[in-house]
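The structure appears below as structure tokens.
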């Protein structure tokens, strides 16, 4: 964004780069349908993520989706599944593992199947982003204190500037949500609003 | 194998450990059906791998399978698919991507879907092995100069003793096959015969 | 700990394994000397870590240390150093990068030099632990919301059961300290007291 | 290099990108002084690497160096050092671990200390390259069948186009040298001559 006026007044230390991508993390039915042990109190994050996703598509910003699925007996979930046995409900193809309609992938978009918290861990997300020349990763999804934070920390470690979209991420309660956004902004990422993401994608669109 | 007589006379510097696993790499139809650009001159490796697989199952040695599959437009194949465009025939579920009947996975066995040469790269193989306490990795599959070598090099890097089963790995020609087995034995792995693997698994079976 | 009485009453879902190691993360002068921008309000964590370290040594539990050091211009700090420019004070060998005397490494102990938050990222910690047969990682160090959490999340991802020692980790304030211990206990690790670590190491010592 | 004409007649499937870097791998005295168990028959590779290095510096192409060094008892060398015990001579700072004068690093250049074959394994090379926007990695160093090949395979896996400079890499014999260059060209990299590298760096220089 060098030279554009857009970033003015942007307080954070990271500026968005020239080649952004958007990742929508784990917005599976498991987090939004009643009765699931992972169910969140609100669908606000998925509504916001849907709007951000539409804007990214219009601006031809590359889009990635993730969901969690384990193999037989979740042996590929290792120690993580021992710690959180409820994850076993994501063994194989299940209704709870399906992505929400608001953020349903298009046929040409990559859906990354993962087994751990970070979308980078045990996946080919990093080489895919690097081979596309991506320098900036906008992050939506759930949960803030879990896979969103783990992905944002790995994003900065792997060399991408992470932008976490406050309205498009969610958690079970406001306390872990806010505490984790605080840590992310302090050390690893820029926490921005949905409006920032929409405006930025719009500018990317006009620029190219 | 401390204290057993089995390893006596074993010339290599690595001894097999107490907790082996077997991995069968990429034995897809793409390597064995006529007309495929990847087709190998012989099915000897897959026959041998089938026998090793049976022995591992009898000895309750954990078994892993890999195959290659890419997402839409192989964008998740990054620079590798640019270098080897023929890999694009493995986009999505295809007949060429199916594993050969001699080494067909059982329902409870993990099948790792990968996009790159090494079975460790962009997968959760390492944490799965570590969380199971595996210390030794027997390797069958194809091709010797490609995914077998890349997996063996990563195995020793990630902390597992690699045992490459000479009869159960194959390549397009004897020259790259032998040249790569030479490098593997010299620096990274123990190259052993099928009989070694069968005898070792049998001993593991008796021991426990 | 199978069959021992020690773990009775232990509420968490992960049990410590048979082969623990201890890691002491980034207890550099940068976190404990006045005037440093990273300075913590208390040295309680380093005192506790010193006692845990002594107990591990007595029990012959393997010990690892980490510290942060960057190369010329911190180019090897990538986007992380752009986000947290104060890290530039750890370029090259500096007084602030030295480990505190209470947790000074012995000559035979491995000191891992790292550039990022997680002690696993861009280091050979995982293969070292795997090649030693370690299954459980006790974690001390600073800061709770930074490198301690990032390391614990990676520990469970890489296949090790993480035990975070509450008394031996510290942060700038009690809010991020407690919020992060809450998340860690909920999803990734067991948060235990110093007394638990000392008792466990003592039992390991007697057992072998 | 789009539209420049330079790549015309270039037979390989990968074209060099816009942001190259050069890595010089493990050109330590251990490979070039008499009496070392790793000694190569010729210093031709280091002379060529020196010329390539000078050209990269003139063109302001970023330069990286690697060397191998292990910690106490080479415990951080894991299974690799068990396989190749001669590596133990690289424990701590040693004369054999010093880089050759022809390729001595400048003070502002990053020297990556590694413990394994691939320059990417257990190091922060990938995030450093990604955070700099590098898309292409020119590779010099030793040995062709060891660390050079392992690094080139990882380069293509991590998303960088690898260009292996035939004249600037070397091995103990011509057979493993040629066999490995053959595999690299076939599957993972472009194998080019020193003249290609010099001309390409020169063009990069003029372009910017």
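A few points about this structure:
Chains here go by letter, A, B, C and D, matching the order in which they are written, and residues are numbered from 1 within each.
Here, a contact is a pair of C-beta atoms (placed from the backbone, for glycine too) under 8 Å apart; a residue touches a chain by one contact, two chains touch by 3 or more.
As the structure is a computational prediction, the values presented were derived from the model and not from experiment.
Counting only chains that touch, the fewest steps needed to get from chain B to chain D is 1.
For the pairs B-C and C-D, the larger set of C-beta contacts lies at C-D. Superposing the C-alpha atoms of chain A onto those of chain D requires a rotation of 180 degrees, given to the nearest 5.
Centre-to-centre separation between chain B and chain C, using Cα means, comes to 35 Å.
Between chain A and chain C, the centres computed from C-alpha atoms are 28 Å apart.
If each chain is reduced to the centroid of its CA atoms, chain C and chain D end up 33 Å from each other. Touching two or more other chains at once are residues 78-79, 82, 116, 121-122, 127-128, 130-131, 157, 159-160 of chain D. Looking at the complex, you find that chain B touches chain C at residues 126-131, 133, 135, 157-160.
Listing the residues of chain A that touch chain C in their complex gives 13-14, 78-80, 82-85, 116-118, 121-122, 145-146, 150, 153, 156-157, 159-161, 175-176, 179-180, 182-183, 186-189.
Within the complex, the chain A residues that touch chain B are 71-73, 75-76, 78-79, 82, 107-113, 115-116, 121-124, 127-128, 130-132.
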